[in-house]
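Next up: some structures, all given as structure tokens.
In the two complexes that follow, chain A is the common piece, with chain B as its partner first and chain C second.
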Partner chain A sequence: MTGLMSNLNLTCRDRLRGYLLTGPGSQAAITAAGLPLPEAVLSAVESDGALVARTGSDEYMAYIADPQLLPTYDWCFPRADRVFALKGKRWIELMAQVCQYDFRQMQPGDWLMASVVGVNCWLYLEANGALLIGFDSGYDHYMSDTFSTLLSELGDIESNEGDAQ
Partner chain B sequence: MKLLDCPVIGKRPISEFDYLGEVRIPPVNGDDATWADYVFNRSGEPGVLRERWYHRPTGRWFIVDRNTLTDEVIRFVDANEVRYEVPA
Partner chain C sequence: MKYRLEPQSLEWINRSETLNFSLEGQTFSGFKGDSISSALLAGGQKLLGRSFKYHRPRSVLSMANHDVNALFQSGEATNIRGDVTPVDDGLALRACNVNGTLSNDRDSYIGLLSRFLPVGFYYKAFHKPKKFFPFWERLIREKAGLGEISTDWSATRQPKKYGFCDLLVIGGGASGMQAALSAADAGADVVLVDENPHIGGSLDYQLVNEPSAAAVRSQLKQRVVEHTNIRVLSGHYACGWYTDHYVPLVGPKGITKMRAAGVIMATGVMEQPSVFRNNDLPGVMLASAAQRLIARYAVKPGQRAVVLCANDEGYRAALDLIEAGVDVAAVVDLEWLDKRGDWAAQLQEKGVPVIEQSAIYEAKGKTSLKAVVVAPFDGRSCDSGQTRTIPCDLLLMSVGWAPAAQMLYQAGSKMAYDKKAQQILPQQLPKGIHACGRLNGAFTLEQRLADGERAAKEAVAELRGETVESDIGRFRDDRAHSHDWPIISHPKGKNFVDYDEDLQLKDLFNAAKEGFDNIELMKRFSTNGMGPSQGKHANMNGIRVLAEINHKSIDETGSTTARPMFHPVPVSALAGRRFRPERLTPMHSWHEANGAKMMEAGRWLRPEYYLPRTDVGTLPNAASGAVSASERQRVILQEVQAVRSSLGIIDVSTLGKIEVMGPDAGKLLDVVYTMKMSTIKQGMTRYALMVDDSGVIVDDGIVGRITEDRFYVTATTSHADAAFRTLSMKTQELGLDVRLVNRTGSLAALNLAGPVSRKLLSQLTNVNLSEDAFPYLGLREGTLCGYPVRLIRVGFVGELGYEIHMPADAALEIWKTLIEAGKPYGIRPFGVEAQRVLRLEKGHIIVGQDTDGLTNPFEANMGWAVPLASKPWFTGKPSLALLKERCQRKLIGFRLPQGFTGESNGELPKECHLLIENGEIAGRITSIAYSPTLGRVIGLAMVDLPLADQAKPLKARVDSGALITLEPCATPFYDADGTRQTADLTEVA
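Moving on to the complex of A and B:
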């Protein structure tokens, strides 16, 4: 569902489940599960609906929609993240109101960890132009409310299309 | 908006960081006067200071040499450079 004059829309990626893998066996566990493996710290790669980011020398965050891809590893912990997907030609304009990072320099495939309306978030720009915004689900109401207001101000309405992309 | 030009993650707003102050290595084998100087005295003179900064969104600690007069970050310091042995 989008507005008639829509040039932005916000969806929730409810099916994406987040996991933190840490420890010396994390890299092998990701590879064994068939998940993509990012090389550089603070970078991410996406493949077949799975997004994996490297957040430390032996620490990874994995977001997967297919539970069968879940790594079998003792040090794989579920995260309670909420993931928004923001898409539309005015997304940079919207993000400029909530985050101090200069999104004009962000390219598809880039991974960023920054403060958005005061909430620590991770952000990933998909190849299809959608900006994923992940944050602790405890901030869901606040974030939903804030983004809903901003979308209204920019002439759009918020929508929840499940995982439709 | 004040920015911290972190050599690792680039220019980020200062509001994303917590400042943990100067990196100081305790004088493990020092006498009382040396310890008193370490505990009670600080140099406020502008210049290059080795500081700890914590970036909340990434959860990472950064140690940098920063010129407090010009606010220029001179270099990123590996944590191994400031390691010291704790006496048993």
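Moving on to the complex of A and C:
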């Protein structure tokens, strides 16, 4: 899916597969799989197309495109996430309409879990400026419809309201 | 536009764009940038509205979004505020609250009856004779209220957005601009908001002709606009203050929900009227209103004016009138002239007479001002024996101000009356809140600028975490700009305190006499300040009047609560975009393609029932809902029968699915659920009932044990997230070594139910399904169609059945495979409605339908699930120990007489219909359905004790009011011994 809003587009990262690892062996499993390991809770690192976020003291969410990197671990659970990538100059303006986080402070490499258009999402800002938005795939149609509407409506609006967001 | 002035230096109108509109069919012209009122006044239309109660002629008062007597109606919109709403080309308007036309309002006779309509008359009249009350009620409802709502409206929604800043400065006048600049210079990220389309505030109308202000104005504006740390939101108003400096800013395109670290209120002051007889006549207006008309819209407000004043600002207004070509007949000063400054001297130099120590005793005119009667004033009353009449068509009132402090109050500021300023001023401000400018008693331009800078310094220091000693009073003026009693009594009344509600001075005195002598009580009895302007022109005078009556100070009298919103906010702005998350299961596309009528179940969409394919395909209109009730009932019953007789399949992916792991997993589940879960054997499940601390049922499901330290928990569709939160919270509270994974979205689930289920499933799975290897309530892991699955033998619908939990991305393939393989057995998908009937036949409850927010397990006949004696602790146990002996109602089964179908022999009761015993409510029906298995209508009802135990017929009141007899009976209605749970086709054949 591609948005129409000027300087802004939305695509799907279909190849990313998500997993949740938890428990005392999670860290070792991630390391053994050759995945990057974030140090701080609620932080994330990416490497070679893999993104790993630390969501608890021994809980991680790993998103990998290469199935060979799948960690081997009893408490590793596949997730059914859908991942959007929002990219463009005015992405903060769009997100200001759908999420109450102050995205002006979000830096490349930052990881966040927040409600977007009423759906629990994780968000990650890539080094290339794309904002990844991950959510349960059951909301796929709702998120797609909502973002499509937002993109088309905002495309007609000049950003001339003082840029308050 | 005969009253249009020559171009003004700061006018808002664009003279190159002429707009045509109409009022009551008469065409008017205005310029782009005109408000409705300014364009009408420019065109000579002085009469703009009729008052609320007496339908008196009214016109401009403030031109500041407070003119609630100049409200208009267009095709769709009502209560359009003429003083601030921009005129638009083609706009067709009529006045609100007019019976007939503005000039010929048939309800204007009500004013003649005013002596019979004293304050609070509607509380006392019309009660007797009782039979006439409906007549009076209808009449009052017809006459009361403003505007007419068009039911033929088009729904509009304005998007909301979130905004953030270090400092939010509310008010773009001199002090606000200075505060924004000082804070921005110090590095703060500032948002400056002003309700007007242009920043400048009173600098641009009150001081527009003041040479010394010109340089300050241009410098402030230029620096503000160019400053990279300042974002200017003109045309936006802060509609309220909420906790943690959350301030909604309402703009033309919707609401920005601004979260600021600090707020500087530079909201200014609202000019207050003088109270005297006929102070509401068109032509009588606040001095600042005339200044706005001249400076913003280039409209000449009148031809011959008198200015009533009690401050220097009145003299400035008189000078502005002369500048605009208005003949100023006199200035009437409530005090002595020697208290005034340069502007008074300038006016005297122009030869304008000043009548000192005098007041307006009365305004004369029928539909507009023709003259004023001036009388000596001693500070409290007029000497009516020494009056003089001055012909004029314009009277400006400049007798004082009230702070626009609504949001200061909302933030919890302490305010007090300052006798020197004769104004309520902030005394103590909460953390993060600052005030400056005229709101804070700084009146001269120098004071305002200095006060803005002071407020900014204090705000920035606070943001930096520095200790701040507030010097809030440093730049306040030492002269009063308000009179403490601009109120003149008159034996004939019509001296209005509240223009919104037509409240006269005597009304407040009478309210006090009746005992409503507290400010909040007086407000409610008299409705002072309860109209559309919310007392912006009435509250201050109301407080002064009550203080006078009670011989108390203003502070002792107090003020009423100032609640949001500051101005009315359109519903379209409040509504915002519609974000209504909708969640689909992996099998959704199959359901839709196979005739499913979808229904909402929490956020999920689930099949309610399926219209089966016919020879010509799926029956039409399944998705649109255009299915007859009988057709709907027919297919639901067919689905029920399919499960009972052969095989049914239902998508239960919406169930909550939670993995509970770790050494303390059993301990956690023991705490969260009523029954002991740590004793479940591996490969088995147990019914799980969750209650809250007060013992109320909140959820149910099953807990299955996978391994010693690993459990699998299901929760109801709508409570899945809450169940996960409860488990997480208890894990943290108790410091347990447990890991939780919410797999609700990543796993799908279906229930294969019916006597043939085992036979079909055994063809597709590697799990041994024999009764010995996989007993009732067992849980097994294996593969199905090559995918890893968990199979659970549960019996919610009362037949042999298997819940199959599988990866979401495999679910559709597994579902299709089962459908295909089940065809020889007549497999039929069934929806939520059939499931409800099936479980009802079995007597199983649905949490949230058969229980409510007060139901405990004993009331739901689930005492068996509450091991008070054998289990040391679980959530809700102490409450349930008490509730066990205090049961007040009970869930019972009932059935309708044989042959009662609701079609020809009476109205069928519905869920939530009440049970009536001796004329009193004695319970309600929680579930009811026709059971095809039993051939009669069955249901569950929550019935008060002891009636529930008496086994006597119950009466349900249906929609028509008729009472239908229900026969109490035992549950389950079907297969009480549970033999169907272990039967397969061979055994029951």
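Basically, the second predicted complex is superposed on the first by the 149 of 165 C-alpha atoms of A that agree within 3 Å, B and C clash if a C-alpha of one lies under 4 Å from a C-alpha of the other, contacts with A are read in each partner's own complex, and residues count from 1 in each chain.
The rule is simple: a contact is a pair of C-beta atoms (placed from the backbone, for glycine too) under 8 Å apart; a residue touches a chain by one contact, two chains touch by 3 or more.
All values derive from a computational prediction rather than experimental measurement.
Within the superposed three-chain model, A:Q100 lies in touch with chain B and with chain C [touch as defined at top].
When the two structures are aligned on the shared chain, A:Y139 is found in touch with chain C, with no touch to chain B. When both complexes are overlaid on chain A, the residue A:M113 reaches chain B alone and has no touch with chain C.
In the superposition on chain A, contact of A:W75 is made with chain C only, not with chain B. Shared-chain residue A:E126: touches no atom of chain B or chain C.
In the superposed pair of complexes, A:T55 makes contact with chain B only, with no contact to chain C.
Set side by side, chain B and chain C differ in how many residues of chain A they touch, and the one touching more is C. Contact with chain C, but none with chain B, is seen for A:L20 once the two complexes are overlaid on the shared chain. Residues 100-101 of chain A are contacted both by chain B in one complex and by chain C in the other. On chain A, the positions that touch chain B within their shared complex are 42, 55-56, 100-101, 113-115, 120-122. Interface residues of chain B facing chain A in the complex, by the touch rule stated above, are 1, 8-9, 12-13, 15-16, 55-60. The touching residues of chain A, counted against chain C in their complex, run 20, 22-23, 58-59, 75, 77-80, 96-102, 104, 117-119, 136-142, 146, 153, 157, 161-165. Within the complex formed with chain A, the residues of chain C that make contact are 159-165, 191, 231-234, 249, 251, 253, 256-259, 577, 579-586, 604, 659, 661-662, 739-741, 743, 745-746, 807-809.
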